[in-house]
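Can you keep this structure in mind? I'll have questions shortly.
Naming follows writing order (A, B, C and D), and every chain is counted from residue 1.
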Amino acid sequence: MTSIDLNADLGEQVGDDPAMLTIVTSANVACGFHAGTPRVLATTCAAAAANGVRIGAQVSYPDRSGFGRRFIDIAYDDLVADVVYQIGALTALARTAGSDVTYVKPHGALYNTVVHHELQSAAVVEAVRRTDPTLAVMGLGQSVLLRDAAAAGLPTITEAFADRGYRADGTLVPRGEPSDLLTDSDQIAQRVVRMVVDGTVVADDGSTISLAAQSICLHGDTPGAVEHARAVRAALSAAGIAIRPVG
Amino acid sequence: MTSIDLNADLGEQVGDDPAMLTIVTSANVACGFHAGTPRVLATTCAAAAANGVRIGAQVSYPDRSGFGRRFIDIAYDDLVADVVYQIGALTALARTAGSDVTYVKPHGALYNTVVHHELQSAAVVEAVRRTDPTLAVMGLGQSVLLRDAAAAGLPTITEAFADRGYRADGTLVPRGEPSDLLTDSDQIAQRVVRMVVDGTVVADDGSTISLAAQSICLHGDTPGAVEHARAVRAALSAAGIAIRPVG
Amino acid sequence: MTSIDLNADLGEQVGDDPAMLTIVTSANVACGFHAGTPRVLATTCAAAAANGVRIGAQVSYPDRSGFGRRFIDIAYDDLVADVVYQIGALTALARTAGSDVTYVKPHGALYNTVVHHELQSAAVVEAVRRTDPTLAVMGLGQSVLLRDAAAAGLPTITEAFADRGYRADGTLVPRGEPSDLLTDSDQIAQRVVRMVVDGTVVADDGSTISLAAQSICLHGDTPGAVEHARAVRAALSAAGIAIRPVG
Amino acid sequence: MTSIDLNADLGEQVGDDPAMLTIVTSANVACGFHAGTPRVLATTCAAAAANGVRIGAQVSYPDRSGFGRRFIDIAYDDLVADVVYQIGALTALARTAGSDVTYVKPHGALYNTVVHHELQSAAVVEAVRRTDPTLAVMGLGQSVLLRDAAAAGLPTITEAFADRGYRADGTLVPRGEPSDLLTDSDQIAQRVVRMVVDGTVVADDGSTISLAAQSICLHGDTPGAVEHARAVRAALSAAGIAIRPVG
């Protein structure tokens, strides 16, 4: 039976976390560097555990005022230490909630940067490997990050985005450009089913491209986010696809 | 052979950490809530490990602008989460440095508060116990904190201060009052030897009081700090007292 | 013609600021110490200016992780500097938006503390007076803060709460206790009209107490907040009461 | 009579501020975004005022953990708001100290970025102009920042560095490379005299280049900083050069 993981960003105090936790199987929990307080993160971990949702550490640049959405030209050793610190902090909170951190996903500008930035990708991978080499790394399939993670012997999780526009070369349509975001629940849902069943998606030029993903990222903070997420889950179930974490 | 542990606050970017690490056997490393960045803390943990110095998590109120020196009327669950977060973060950094966190010591206003504050003491103890029940708790011998820690089955480490004035009732002379601080290296050193050998100290009224301590706290950021610390270590060695961590 | 000012907390990234700005005449804008980024505060000031809404500096303890809701035992000089810093920062932002800061209102735990805390009240008043003695101070009518502000020659603005329960002695029913919060829009609206017309409110024991207020605080972040606020404004207008800033 | 301004970074809690305030005529005071607390900044402003030293706002990226030394790809409106906020905050503190902010100098990575970055330079200039068009802007003579500031009608102050190595093209030798920093007090002092008297400096390739500067930046946090600064001041006085602020 075909299966897929559904993930969403949580603990950021911007969306409807309780609703999303009834839909996803993996929670990318903030670690306090772009959003979240220890109390909020503890509560989020407990809620994830109660819903049987796997916890990942959503590590970020230290940038609360920018919500982690701005590139920082950070030194290698600084980034390694920042990522180790965040994974450690969230792991302790997850464990006191009776769960654990099982994967790491970079957030915001760091996510986009490690798609191509050799130094910062290497720093994230070193941080994960040195903290716990059984942790998986989640990111874009074609990214430098997943290449480096695999080379370091770390498990990897490729993801695709339910509602983001894709270019013919497999990259995302940048935010703010036409076709950057799908907004119709049915369209989003059918697209995700096709991603999972066929491993393809229709790019913004109308061409069909292949897109292998082990997890689908659902946004939790956009208008209609919960509705979209429910539509995706319902469509996957209707198509006979199991929704469960990778591995 | 009699032995004693020497501890100091490190990673706060205020004192001469490299020098202190050649003197103490336990490093109370900041966790980023009152001082320190992940990079600084990583460097401090690595230096402690290289010197064979044990690492403790110096947990604090979230108060960087006040250096953790101001009482905060924080809710129980907030404090538990803050302490878990800090221990977890520092533990990950310590482990990537080839060492580990082996004890927890509250910092600044939190240290003073948990001497008597039932709720906050209970929160710190719960945080330690849930994070790792093999972690020791360091504090004042007569404190609510050590009473609670022992009741929770946690190892405890009592400490005395090398250069702080004591009252006849065993409490510290508050900072800013006469006799609050000793400043002569020889006097400080001989006093510490007496604390260790006799388990006594002369209080500010001239009376001799008993003072059991498993560790002596050396300040690292006062004028003459390193000189005082070296004098203490030399005097202890001259008196045939082994300097090594508790347990 | 009777008139009243309506105020609400804005710039905190938690409520529907655009809607509230069509209802209130005074915006208590966060200053970055409990919530808000400079960009958010700039946008809030611009929106307030565009709606003809007066801007006040909602000064707070430095406590982002606690949203300013926890008492901090802060030193006098620290609090003076914190308040001066916040007023100055928001004033510059308000002026670049073509408006200005015209009053200061403490936030959260600081608000509650300066009702009775002599030292912290004095610090807030000194900060306001030294920054700009034409700034008004908004607070509870019976507070030490307004007493001190008046004694220092600062204009004062007394406020009452539209939806908070009152005790027979004029104090607020603490949050979390029965009758702490009214939740019915009509009831809230009629109560505010009575506050303004009669200068009275029915306390939680059924007694009627006098309550002089120059401004009514509307919450912007509770469930139904905008609906309640609109009901209050409509009821005041229907009662022939002008809604405009004090002075 | 020839004259020169001497400036240094203060309020950063890293150097000997009291000593430097007896040497310089302009204090670049931190604004809390890379270093300093409101209390520290208030104290620094008061000390500057007591020494007759002019106060400038040393504005930074919001990056305390990186001490403002890392490039951030910040949006135009975010940077404008950040700079307005910082100038406003420090201005209020300077005024309560009986002084005022009279110029703005970017710090760290922002300083280096606005030498060439069109968008960020424009943002800083817009922030200064909208906050107070009588404020001067201090920076490198050949920078985009000073070009933009002049075009916006703002007063400008060109500066040179007492102890940094220069390349033949007038740019600084990057830190970490050979000849990046001079460390001999006499050499530094004589070099500054030549900068002021002749308007030239010897570059790292031995060639003499012209270097017009209205202010000389003295580092306050390097080893020997105070000694170097005293030597510079003494040499300037011996050469009959008045030390006083620009304008």
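Assume a contact is a pair of C-beta atoms (placed from the backbone, for glycine too) under 8 Å apart; a residue touches a chain by one contact, two chains touch by 3 or more.
Since this is a predicted model, take the numbers as computed values, not measurements.
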item: Interchain contact steps from chain A to chain D (minimum; 1 if touching); value: 1
item: Which of A-B and B-D has more C-beta pairs touching across its chains; value: A-B
item: Same-residue or different-residue interface between chain C and chain D, half as cut-off; value: same
item: CA centroid of chain B to CA centroid of chain D, Å; value: 40
item: Shared interface positions of chain A, touching two or more other chains; value: 37-39, 65-66, 75, 78, 82
item: Chain A - residues contacting chain D, complex; value: 62-63, 65-66, 70-75, 78, 82, 109
item: For the chain C and chain D complex, residues of the former touching the latter; value: 32, 37-39, 41-42, 75, 77-78, 80-82, 84-93, 95-96, 127, 130-131
item: Complex interface listing, chain A residues touching chain C; value: 37-39, 64-66
